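Can you keep this structure in mind? I'll have questions shortly.
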Amino acid sequence: MSSILFYILALVALLGAAGVILAKSPMGSVISLLGTFFALAVIYLLAGFQFLAAAQILVYAGAILVLFLFVIMLLNLGAMGSRFELSFAPLQGGRARFAGAIAVALALVGLIAAQRTTLAATSAPAADAQAIDGLEGLALELFGRYSLPFQAVSVLLLATMVAVIVLAKRQRAGEHGEQPR
Amino acid sequence: MQSHESHAWLWWIPLLPLIGSAIAGALHLATLRARKSDPQASAPASLAPWIACGAMLGAFVLSVTGFLELRDLEPSARALASTAHDWISIGGLDVDLGLVLDPLSSVMTLVITGVGFLIHVYASGYMKGDRGYGKFFAYLNLFVFAMLMLVLSSSLLGVFIGWEGVGLCSFLLIGFWYEKGWPAEAAQKAFVMNRVGDACFLIGSFLLIRLFGTLDLKTIADTVGSAVSFTDEQALHMSLAALFLFGGCCGKSAQFPLFTWLPDAMAGPTPVSALIHAATMVTSGIYLVVRLNPLFAASGWVLPLIAIVGALTALIGGSTALVQRDIKKVLAYSTVSQLGYMFLALGSGAWAAAVFHLVTHAFFKALLFLGAGSVIHGMHGEQDMHKLGGLRRHMPRTYITFLAGAAALSGLPLLSGFFSKDEILAHAFASGGLYYGLYYGLWAVGVITAALTAYYTSRMVALTFFGEERFDHHHVHPHESPLVMTLPLMVLAVLSILGGVLGLPPVLHVPHLLAEWLAPVTDAGNKILAASHREHHLSHTLEWILLGLGSAIALGFAHTGFYAHRHGTAQDEFFAHKRPTLAATLGDAWTIDSRYARIIVLPLRMLSFLIAVVVDQFAIDGLVNGTGRTARDIAQYSRRAVDGSLASYALWMGAGALAICALWMWS
Amino acid sequence: MELVLLTFLPLLGALAVLCTPRAAEGLQRGIALATTLAVAVLGVKLFLGYDAAATPYSFSLPWFQLPWRDGTPTQVHFSLAMDGISLLMVTLTAVLMPIVILSTWGHVEKRVKEFMVWMLVMQTGMLGTFLAVDLVLFYFFWEVSLIPLYFLVGIWGGEQRLYATVKFFLYTLAGSLLMMVAIIAILFDRGTSDRGELIAQLGQTPLEQQLWYFAAFALAFGIKVPILPFHTWLPDAHTQAPTSGSVVLAGVLLKMGTYGLLRFCIQMLPDAAVAAAPWMMALGAIGILYGALLAWAQTDLKRLIACSSVSHLGYVVLGLFALTPAGLSGGMLQMVNHGISTGLLFLLVGMLYERRHSRALDAFGGVATVMPLFALFWVFTVLSSAGLPGLNGFVGEYLILLGSFQSSPLWSVIGLTGVIFGAVYLLMATRKMLFGACTNPENQHLTDLNAREIVLMLPLVVLAVWLGVRPNDFMGKVEPDLAKVGRRVAEARQSTAALEPVTPLTEGVAAR
Amino acid sequence: MNVPTEHLLYLSAGLFALGVLGFMVRRNVIVVLMCVELMLNAANLAFLAASRQHALEGKPALQGPVFAIFVITVAAAEAAVGLALIIALYRLKQSAETDAAAEMKG
């Protein structure tokens, strides 16, 4: 029964992704992206990655998408739906076809790669009920072998915050009259 | 069997002229500054001729003492060797420089220093007042040094030092009056043609090294002389070596393929023509062949080739001299013709006859050149016979001596030219049977050329000294040359007349002095010739017939030539008018020289232009600059791709990702 | 120890010149001349003191280490040594430099300080190249000698000096980079970059690999020599270089190429040399003819001499790759001869250029009447360059042609025609320039050579005559080492039956 | 769910392809950023699919989820910076068009 659910969710995810591209206004694409994220979260759940499903929802859907929403609202891009008609129009014909071809080719490559991975035929998965990413296993892994990357990521986040503040600060200086060059 | 103690004094023979040349050169350079201001103020330089003549006299005296010392030794041991200085011992090549005075080289040194001394004395008068007075004598002495080295050296490389040395001096002396422009071109032509000959000479020397491992002339001659048999590979190498050495001789002795430089060499002062282009340098080819006569004798088909080339050159020289107007050109072509005779003698195996003709030719041709020089000197540089005439009254001494020389050249009986030339014809006739009668043909060519010689000599005498005076009198006042010039003429005249005594024909039952004297050198060659049954004897009757025929031709054609031209240039105009094409071709030495220019020089110049501009500039350089340019173009093109639009960057990123995946897929 | 002094004395001189104030040109010239003279004296002392039998001068110091396979590091040494082969070239460099510096009095006026510094640095580079034993050190000095010339030609050169100097620099650099690749490959293949050991060891590397090393070295040195297709930089570099630059370039730098060919391509890789000999001889012989014909069509005097250098070095290549004792010794001797005769030619052209500021052949005519002393020196040099017996050119040329005749008569004969063309273009230039009537008014009042210029040329003239008359004094010291190379090559020839020379005739003839 | 891993990988490939397409085609910077997020998610999915496969074969390998976590954090950081840039860009150009920012021309 759950495998059918997987195929439905896969379809939802693909449609959501298509929606992101085809949506007329950024708001539309944000919403379809949200749909994709939820579909993926459930897939992770089905595949036995409870923690990651939660992470997916919390971080991706909760934090990043909200950030996108803020920005769209801040710059009230949503309203300028009409202007974006032009922007939606894909690039001149030639480029679009070229891009399409690249995308299709990449998809093919992905498929072939998937094909080629010599995965043993999956007999009926015994029980993917209990979570693969059990917390204590994950924590041992994360803070054991991967402690260095973990620290690195923390530094990365710090750097990001500094960057964003600097970018933002410049804005305020802008308001005091002199145009930021 | 060589005399073991070394004769260091031999080195003084070549060194004296060298020192003379150095001093004369130094004097010339010293007075350079002085003469820059006042051209005539060359007081110290006037010492130069005395030094030069002194050096020549010293060398002559030493040569005579050497000759006498040789005469005392018994024939087989006649060789005075000097200590050999180790010149090159590099890379497996051991060449030591020594001097050897043996019968052949003593004859040559006597001729060189003797005739040379006379010419030096003559030149001190002829060149007086010339700006480069000291320089002239420096070059002349340097030439004699090189010639003596050529004749006395014991190894082939020593000979080559002299060989190119004389080429250099002839270049310097032909181009002596370089301000006039065309002598410089004649000098360059002479040097380059000699260089062609020298290149063949070098190849010959390589072959000799490969065959004999050494370049010492004595060992080579002895090895070939004493060898019983040769493998055919060795025979091939020997004939090739002989051929290439003969190529060298052609270049130096102005034989058929490489003779066109000699007439142009008349651009130099007359004493130079006398010394270099009549008596000494041009005879070096004959000296080399006689020196290595065993090699040439043993090299089968090369001897007939030499004979053919000799006869052909004789004919070309003789026929061209018929129509020349410039007196020195007549003598130049006559020299070419007489050299052809000598090589004809060598080709028919008569080594002594060739040397005999060489000696007599040195006497009468030097005399004729100096005579012509004194005519030119008297006529203030006029050389065209059509503007001379009737000079016998103005220059009696020159006239008489010139007459003696002309008689000897045309082979009038009892004179030196008669005996030497007819001996050559006799030998050619004697070996007539060989190579299905080739030599009979060559003998016939020889006889025809003898007739032509008599004709053009008498024409020259008639046009110059007889008939009405064809020069305008108020400008030109012909006068007799001073004693210092005419004295050598007289000495040479005596030698030309009595020269015949050196080699009287056997029919007179008198020993052939020169043949006996040269016997130790030429025996090996004659033995080999005899071994291959090419030895030949003439019955007495045949000899008398030949002698009679020779004198008849000489007298007859001399007579017709003289009377045709006694009154003036009518005969020449008549001939030019009736047969213009023949006159033209003959005048230009069968147009060989112009053909060389068209067939060899022009294409080479075009090739060099082609290489310089097309291949070098365009192709190779183009390639080099091209790589530079293509690099710049690629950069230019790729710069355009970066046009700032994010979308295109995204596209390139996508394409890049795809490329990497594809690569990964196929790897 | 003297070798280090010899190599780095010029560098000290350069430093000394650097410290002098900019304006004190006289002082700078003085220091430069003094240094070069000191080097010359030391060079001659080393030459005279050199005894082939005794161990050659050598000096070695560990320089730096490079990680090699499985941890054991290879040690690159700073090692200099002077044996027979480099003896002549070191002495020539040492002797030539003071003459070059003395010649700058006439034509270098602006920025004398940098000029002297660059000259002295170049001398260090050149001496180092000839003395270096270690491959890496050789490459280091090779580059040190290359860079100064870039500035010398670039700053003090003629009109299109930039084009010429960039072309020259990139061309030579491209070649030398390939050589560096080969050096690194050898270093990591054999674990040592010391030439002595390599000579012993490289014999075992497979022929195919040896051929690759040979190709790399031959290309780098071929560009420098220059061998035929890579010669187009030489005429441009020479025409635009200042006189002293041209003399050094022709006198020594070109010989680094031929020295390299002898040292690395023949001595170190004999099997490959034997295999490639026919091709190299072909290039050499055709180079002679090509260079001669090229020179014949030139109108610029310096360009003509540059093309004649291409022809003369064709001789050296022909000689070296004949791989016979005569060829090797001839090649070695011709390297020195070419340095002397072409050096003299460039000095003379420089003097003419200082007076007349033109190099075009047709701008002159009848110079001999106005400058007889110049004419004397010019004709002397032309004869030495054309190989007149009795002067230096002949001995080298004869040995080369003899040596190449022993291994392949065809190329020797083609090279021999070069003798004829050699005379043609030199005499053509002499005739156009010296002889004929002095019509051009500017030529009428040219001043003849002054004392400095004559003193400048005397040592070279004396050397030319001495080499021509008594070559054994110089080659005696070189013979043993060249004989070793000759034997080594003969063995290689036996083992690779690829090319056997024309079977030499039984010496002498079936004696009686 | 007994879905074979290939299918998960097909889904991931599909998502990735769409993400790339959007990334290249869309002119609006924000949408481009979203497509980037989409691509990152596709990568996450692939990681987890592989991890699942190992778990099914009996030897659980936790590299997959750990990497997924890192990908998420990086995506978050990237999105933050991207959006900050967009705001700055908007301040400057009053437009979020990709063609607006063309000063970096070669």
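By written order: A, B, C and D. Residues from 1 in each chain.
Keep in mind that, in the parts below, contacts are C-beta pairs under 8 Å (C-beta built on N, C-alpha and C of every residue); 3 or more make two chains touch, one makes a residue touch a chain.
Computed from a predicted model, the values in this text were never measured in an experiment.
Here the chain at the heart of the shown protein, by mean C-alpha position, is C. With each centre defined as the average position of its C-alpha atoms, the distance from chain B to chain D rounds to 96 Å.
Look at where the CA atoms of chain B average out and do the same for chain C: the two points lie 37 Å apart. Mean C-alpha position of chain A lies 101 Å from that of chain B. For the pair chain C and chain D, the distance between mean C-alpha positions equals 65 Å.
Within chain C, no positions touching two or more other chains are listed. Along chain D, residues 20, 24, 27 each make contact with two or more other chains. In chain B, the residues touching two or more other chains are 647, 651, 654, 657.
Checking each pair of chains for touch leaves A-B, A-D, B-C, B-D.
Contact residues of chain B toward chain A in the complex are 647-648, 651, 654-655, 657-658, 661-662, 665.
Interface residues of chain D, counted against chain A in their complex, comprise 1-22, 24-28, 30-31, 33-35, 37-38, 41, 44-45, 48-49, 51-53, 55-57, 60, 62-63, 65-66, 68-70, 72-77, 79-81, 83-88, 90-92, 96-97. On chain A, the positions that touch chain D within their shared complex are 2-3, 5-7, 10, 13-14, 17-18, 20-21, 23, 26, 29-30, 33, 36-37, 40, 43-44, 46-49, 51-52, 55-56, 59-60, 63-64, 67-68, 70-72, 74-75, 77, 84, 87-88, 90-91, 95-96, 99-100, 102-104, 106-107, 109-111, 113-115, 117, 119-122, 124-126, 128, 132-133, 137-138, 141-142, 146, 149, 153, 156-157, 159-161, 163-164, 167-168, 170-171, 174, 180. Remark: chain C residues 167, 170-171, 229, 231-233, 290, 293-294, 296-298, 324-330, 333, 366, 368-369, 372-373, 376, 379, 383, 388-390, 394-395, 398-399, 401-403, 405-406, 409, 412-413, 416-417, 419-420, 423-424, 427-428, 431, 434-438, 469-472, 475, 479, 482, 504-505, 507-512 touch chain B in the complex. Listed in rising order, the residues of chain A touching chain B in the complex are 91, 95, 98-99, 102-103, 105-106, 109, 112-113.
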